[in-house]
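Since the structure comes first, as structure tokens, the remarks are kept for the end.
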């Protein structure tokens, strides 16, 4: 089944776009939110709570802060799922000093092999000034490489700006 | 009358684009610049002076650092106006600890109800790395929500990159 | 001969896109990389080495950290060249306290007059939050003005996002 990469800046409406697309898709199975966030601080906890409150009861939630490929592989053919979001997953891997390249390769395979319809959300973080600190620069680089790699594999790529989709591929 | 939201990064040419569009529009009334900037420091004072120098005498200027909805409501049906820019207005509201949501609702109504032709400029600030400080993160979030809200209401939305318009809607 | 401005964020795939376009272009002369980077620190030295390793032996390399107009003027009519990248060149000029405007005017003339086919890469840096320090703000402003000026002169302008080209002009 086809999968879509949904890119967008902070508060660009990318998650809401992905949820709307998922809700509008023809579906016989579950509507699944695969969430990658972990509440490391109160700001994040608040954000997670707000996102949950925005979703109605039609959604099943899977927590997959690290094993995203495993979560994707567990979907059924009739499911429609949103992964929200890749940048938090990347951030979790980097905090763990995990092998980003190997995890990314597993994820790309899982996404392309999945029989479910998938919308995968990620943050565009590379269009500002070069960050002062080295970790932020490394994160920006890894996020950029991840987006290139996944955009090449995705069936459809959309950039969301101010809630409006701009189709980059597909 | 239709209104256009003009988004763009810093020095993207978004203001010049809005002014050119306004000057080229059929018009029987005034050509009005609704300016939201306040000179809090010398860098900003310089920027305001440069923007004024770039506009020729055809433009009437209204200062509306806070009551933007009021300024929009005061336009005549034959006027063509540019609002420059929403991000400074948002920043003024946040400095005052004003109710951003209520002000935004009033502005959205005023823009949609206005009989004048309007081009409304705002800064895209959400495509860089997550800022270190909490105020900058809050500003980025509020700007993103504002853009989503207004883009949904606008008749036309344009993203300006390197002086070139990319139509997102309309 | 026509020239293309290739814009993109950090790790957007803009350089790889420019190289692929250059390699695919009809060509009877050389394939030339005009590199503007200088290794001021080990992170940059590593980046330069990685970029070199990614290019195969088909490429001739010219180093032009400052006199980019001179390098462009030295190309032969049958050459296909990539300039990578303008933002590092701008940064070198600013470090030298050189006259950015005069250098930019010379470069714009050289690009438009060149008989070679050119792809000119630059970093989009203006879509994040306003930077804290004044030098970063000045750099962002100069980069934005440079992009506007060159985009107006270019035959084609492309924004690369996640490795995918979005045509802004041409």
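Letters A, B and C mark the chains as written, and numbering starts fresh at 1 in each.
As a convention for this text, a contact is a pair of C-beta atoms (placed from the backbone, for glycine too) under 8 Å apart; a residue touches a chain by one contact, two chains touch by 3 or more.
Bear in mind the structure is a predicted one, so any value in this text is a computation, not a measurement.
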| query | What rotation angle, rounded to the nearest 5 degrees, superposes the C-alpha atoms of chain B onto those of its identical copy chain C? | reply | 120
| query | At the chain A/chain B interface, shared numbers over all numbers used: above half (same) or below half (different)? | reply | different
| task | Compute the distance, rounded to whole Å, between the mean C-alpha positions of chain A and chain B. | result | 31
| Which chain A residues touch at least two other chains? | 9, 124, 126-129, 140, 166
| Residues of chain B touching chain C in their complex? | 9-13, 16, 43, 124-129, 131, 136, 139-140, 161-164, 166
| query | How about chain B: which of its residues touch chain A in the complex? | reply | 5, 7, 9, 124, 126-130, 134, 137, 140-141, 143-145, 147-148, 150-152, 157, 159, 166, 168-169
